[in-house]
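Could you have a look at this structure, given as structure tokens, before my questions?
Note that the chains take the letters A, B, C, D and E in the order they are written out, and that residue 1 is the start of every chain.
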Amino acid sequence: MRLLVSDLTHRYDDLTVLDGIDLALAEGEILAVIGPSGCGKSTLLGIAGGIVAPTAGSIRVEGEVPDGCLNPITFIFQDFALLPWRTVEDNVALVLEHHPLPAAERRERIEAGLRGMGLWEFRKALPKQLSGGMRQRVGIARALAVRPAMLLLDEPLSALDAQTRELLMDDFLELWRREKTTALYVTHNLDEALRLADRVCVLSRRPGRIREMVTIEEPRERRQEPSAQAHLAAVRERLWHLMKAEAQMADREIARA
Amino acid sequence: MRLLVSDLTHRYDDLTVLDGIDLALAEGEILAVIGPSGCGKSTLLGIAGGIVAPTAGSIRVEGEVPDGCLNPITFIFQDFALLPWRTVEDNVALVLEHHPLPAAERRERIEAGLRGMGLWEFRKALPKQLSGGMRQRVGIARALAVRPAMLLLDEPLSALDAQTRELLMDDFLELWRREKTTALYVTHNLDEALRLADRVCVLSRRPGRIREMVTIEEPRERRQEPSAQAHLAAVRERLWHLMKAEAQMADREIARA
Amino acid sequence: MPDSLPVNPLVNGVSAQPVRFRGGGFTVKRHPWAALAAFAALLAVWEGASRLGLASPLFLPPPSAVGRALAGMVTDGSLWLNLKASLGRIAVGWVLGTLGGMLVGFAMGIFSTARAVGVPLVSAFFPIPKIALLPLFILWFGIGEPSKFATIGFGVFFPTVIATCSAIDSVPRNLIRMAQSFGLPWRSILRSIVLPGALPGILAGFRITASIALILVVAAEMIGAEYGIGAFVLMAGNLMQTDTLLAGVLVLSLMGLAIGTVLSLLERRLLNWR
Amino acid sequence: MPDSLPVNPLVNGVSAQPVRFRGGGFTVKRHPWAALAAFAALLAVWEGASRLGLASPLFLPPPSAVGRALAGMVTDGSLWLNLKASLGRIAVGWVLGTLGGMLVGFAMGIFSTARAVGVPLVSAFFPIPKIALLPLFILWFGIGEPSKFATIGFGVFFPTVIATCSAIDSVPRNLIRMAQSFGLPWRSILRSIVLPGALPGILAGFRITASIALILVVAAEMIGAEYGIGAFVLMAGNLMQTDTLLAGVLVLSLMGLAIGTVLSLLERRLLNWR
Amino acid sequence: MSAAQAQAPAQPLEKATVGVLALSSSGPIFIAKAKGYFEKEGLDVDLKMFTSAQQVPVAVTSGDADFGVTGLTAGFYNLASKGAVTIIAAQSRDEPGFPLSGYVATKAAYEAGLTKPADLKGKRIAITTVGSTFHYMIGILGQKYGFTVKDVTMVPLQDVPKMVAAFKGGQVDAILAPSTVSRQLAADGAGTIIGWAGDETPWQLGALFTAPKTIKDRRPLVEKFIRAYKTALAEYHAAFNGKDASGALVKGPGYDELLTIIADATKQKPEIVAGGLPYVDPQARLLVDDVVNQVKFWQSEGQVDKTLDPKSVMDLSFIGQ
């Protein structure tokens, strides 16, 4: 599934947070979005997923929805958004309930999702009994249960420990290899972006504009290999530089304010 | 201020999350705590700060409280815990209100905190109008406003972008140089631990036990220098290895469940 | 892999379709005219039904007749006389009941023991019909104003207790733990966390208790009241003067509307953080 | 820098003091005996006051006398007869009022237009006193059961509307956005998100409306009822049989207590996620 | 009449409802029902019990009851003035020697000189409601002793328990209350009975009424009902209203049986009922002049429409008056 964003602008009351964003995601592409805190990354994601109405501009998708996909464009939320009154397994079941699935498949999807996230033991627990990282993992299991054609990820790993994050990134990559899910991946972690993304979109400080679009030439499969390190280091350096410039400008503006 | 934890055990109903923890923090020491998601890090912090009553064991502090310190042991929360009905500046003001401070100093502390976090522009905003990272920065500003003698930080930077995180780490280091604040720093980010901590405490998967206590020999001031990199890389390797072992064991257990 | 800028073959792809907007709804928008229109429609139907003879004027006098009765009350000054007498009773009774109820409700919301004792006591005492207790009120408080304050006050007290207590339950506990961790004294926690966090529920309770106070003014003025909207309505009912009766009821409705509007303004003011 | 293990000079430091526990409180613990003790104390004080002549037996007969009257009602079968008649009325009236109120409350909580129309209408109609309208109720609904259902139903309807509507306001909007993003149909969102999210507020509303229904059974049975706890209380009042009157009131209290207990159980059951 | 009686057993009974208060003043209706006089006329009469006099004419207006018997209040005349109800026969009346409503003075007021009904001028008197029978009784007491209702302070308290409470609490000087309550207050020592309304101001307390529409459309039904009613009235009168030479009440034929019927219907103890049995006219004749006086009184009080013609509230053709 492809995503086309053109000339997108968004304002909350009179605070402009996104200004003239143009983006195109190819089938199966993973685009990482980085940018200073508060620049409008979550807002962009919300617009792409159709739950925030943009002030101006258009956002379109194109392409076929694969078999078994129940919700083509699917979110993984920064604030988890779990139902506090449902157990872990029922939180996952929620997004399958309104689809006519055979009971066995429904069960199978839930179990696969929870086992994959290491939450099977906790399937009967309520959200209040989970740690922050565990809650995020429920959110991921829930999103994967609908077999999305396009994932919108809002800092999905920020609440996780380094090791779990590592394992989950492996899982994501596995998923992408299998399903070719297109993804818009908001993160503030350059390592994640360098590990997962095909391209990295650097947003400027608010109002968010596309500061630069950086393509990572090295194919994802080979990025762990020693030969790739030089290129990755260069990209990292570049991203770092761009971000630093933004942050400093923000700092200067704030000092003036 | 020094912290002494001895033989600490905690259970939620019949889930044991911490088991026989012994810890000692020296004056001005920064101890990073890492461990798999759900192993009890937040719980440990809660107990250290006196807001979770431990099932067994003792937790004591010792040492003088510096001038101007209004709340010796102060939290920075994983879930921000901002009052939704107060503006940014009033959220910071909250923790000063019950202290007899001259109005000028009160104002000065709030302004310094907000400017330091780049939130001065947003001082009149309500939490619902902030992004996740901005909310966390309010939480940090609030904690620093009381000039704590000991900070308990629960993944304080996890919601922030790489660059802001970098700047904040600099700020923390500056603070520590100045104030010699003791800190218990829960994180899932090895880089943060390596940059900030004197020692790193690796917790095992639930029930959390101290798996290992790793001392970083290189003084904090010199860690950015090339000469330090070899040692840091070795420590990193070691921590990585420990974490991986824990995660794998957890994985195996889950598979068996 | 596509280039980084929008000049991209896909942009002109034929099959591209806009992302369907799935959000929206479940927010409060204001429609200031809708209510006026509704009231106007209601009046029109009512008057029409009367004109067409669908409702006997004895059973349901038309709004014009009720309006005439109301106009009569205005011109002979009895409206103001009755209103003045009732407003004082409602205000004092409501304030007393609300203060008491919030006090007890806060205690029950905060202290487990108070709740353990309070919940069953409230369950047992709330359903006691005030009409049955009026003789006792007369004995204890006489037939003057105090017994009227008591009637309204008790009626307001119990719903306030329940609303306050359940509003406190809905205050997020993590905020309280945060405040405790900063060493906020207990009173500050109450004032700065519990009270504002419980405010939405308490205001919703006010909507209920304000109406109850208006209803109970009738019960209160059963106790030898010479003037008062309640006494007026009772007398009209006893004399089967349905148009006057409805005029009195209309006055109560308008008071309810006024209080409701004030509460809506308060909510918009105090709960803009939601 | 200290070693990694607890064998540390500081552990034996003289000045070390335990970290003060600052959390706790603001949670609900159960004290099953507290309520019983409170009721026992209350009864003792009441009986004592009567024995010592502090309260006139005509207006506040001692609990023993009330108990005797109640026992009399049990043995001559009149308790069951009256209770049966009233229970049906309360149940039907409450269910009708609650269903209607929840329907309207949901509509008002969800649709801005419904709210814009509904809030002022509720403010205007809620304060209409049912006691004053009894003659009109007879004219409109007759003297049979319908007018009794209407009296109780209307009394329950309005508080339910308000409680439901404000409970829906307190459902976190991010959960609704989440559900929308997963393409949940509107009805599923209502059933799976809005309804359970509003449940705490709705249950608190039930506590209020259940008691209101019990209170209103007296008003309802003012209209040509031969049997019923309300009719019984009214009749006892007219004959100045205070002990019998209080026995009837006691029955209402006990019903309130029973309903309150059921609601507490329900809350513990349905709201264990908080 | 003979035709009706002949038909009765063969035909299914005609249904009718009557609204009553559970008071001994409705005794004749209870008797007619219990002893089958309605059935004899071919009627299946259903009794609807009410707790306040105001509701009975409303129920007749709404069509929930075909007939009503209760005290005459201002509210009744207002309904009558709108053409909703018409008096067709008498019910009980206040007569000398029949203690129905007592003037009771509080101890303090009695000691301060309130010893006879004429002294009530200028006092605070608890009554049920404005427009009630008690209100009128004070009006005619004033007519007798030369004061108006403006000269007394009437404290409307809606019902007996509140009146008693206000009385006991010393909030009023006197109370005008039903005999049972009056006697109870006197027995308690809380007050002194200073007279009975029947002795001071005999008047037409209550009436049997129906809707004009019923008279128009179902005249035979009304005739049958009245016949049964009158049979019961006569029996009641014979049993309870007889006096000996000294003027004291004597038990007439069927006394115990009828008393049991009334006690059952009112759910009161027979001895209590016996103490407050009102006088009825055996032919159901109405005190027409008093009814006219009532209407005029309410009109002068501004509580009944001035345009109401007092004669128009009655249709006495059924009792041949």
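Everything below uses one rule, namely that a residue touches a chain if its C-beta (ideal position, glycine included) is under 8 Å from a C-beta of that chain, and two chains touch if they have at least 3 such contacts.
All of these numbers come straight from a predicted model, not from anything done at the bench.
Q: Which contact partners do chain B and chain D have in common?
A: Common neighbours, chain B/chain D: A, C.
Q: By mean C-alpha position, what chain is farthest away from chain B?
A: Taking each chain's C-alpha mean as its centre, the farthest from chain B is E.
Q: What is the distance, in whole Å, between the centres of chain A and chain D, each centre taken as the mean of its C-alpha atoms?
A: Each chain's C-alpha centroid was found; their separation is 46 Å.
Q: What whole-Å value do you get for the distance between chain C and chain E if each is reduced to the mean of its CA atoms?
A: 42
Q: Can you compute the centre-to-centre distance for chain D and chain E, using the mean CA position of each chain? Integer Å is fine.
A: Result: the chain centres lie 41 Å from each other.
Q: Roughly how many whole angstrom separate the Cα centroids of chain A and chain E?
A: 84
Q: At least two other chains touched by the same residue of chain E: list those residues.
A: 54, 58, 61-62, 161, 164-165, 168
Q: Would you please write down the residue numbers of chain C that are in contact with two or more other chains?
A: Expected reply: 22-23, 58-59, 135-136, 139, 177, 180-181, 183, 234, 237, 240, 274.
Q: Which residues of chain B are in contact with two or more other chains?
A: In chain B, 46, 49-51, 73, 79 touch at least two other chains.
Q: Show me, using the given definition of touch, all chain pairs that touch one another.
A: The list of touching pairs comes to A-B, A-C, A-D, B-C, B-D, C-D, C-E, D-E.
Q: Spell out the part of chain B that touches chain D in their complex, as residue ranges.
A: Result: residues 2-4, 6, 22-26, 29, 46, 48-53, 58-63, 73, 198-199, 201, 212-215 of chain B touch chain D.
Q: Chain C touches which residues of chain D in the complex?
A: 22-23, 25-32, 34-35, 37-39, 42, 56, 59-60, 110, 112-113, 115-117, 119-136, 139-140, 158-159, 162-163, 165-166, 169-171, 173, 176-177, 180-181, 183, 194, 200-201, 203-204, 207-208, 210-211, 214-215, 217-219, 230, 233, 237, 242, 245, 248-249, 252-257, 259-261, 264, 274
Q: If you look only at chain C, which of its residues touch chain A in the complex?
A: Checking each residue of chain C against chain A gives 1-2, 4-6, 8, 10-11, 13, 15-24.
Q: List the residues on chain A that touch chain B in their complex, please.
A: So the residues of chain A touching chain B come out as 12, 15, 34-38, 41-42, 78-79, 115, 118, 120-121, 129-134, 137, 155, 158-167, 188-190, 240, 243-244, 246-247, 250-251, 254-255, 257.
Q: Show me the residue ranges of chain C that touch chain E in the complex, using the header's touch definition.
A: 58-59, 134-136, 138-139, 142-143, 222-224, 231, 234-235, 237-241
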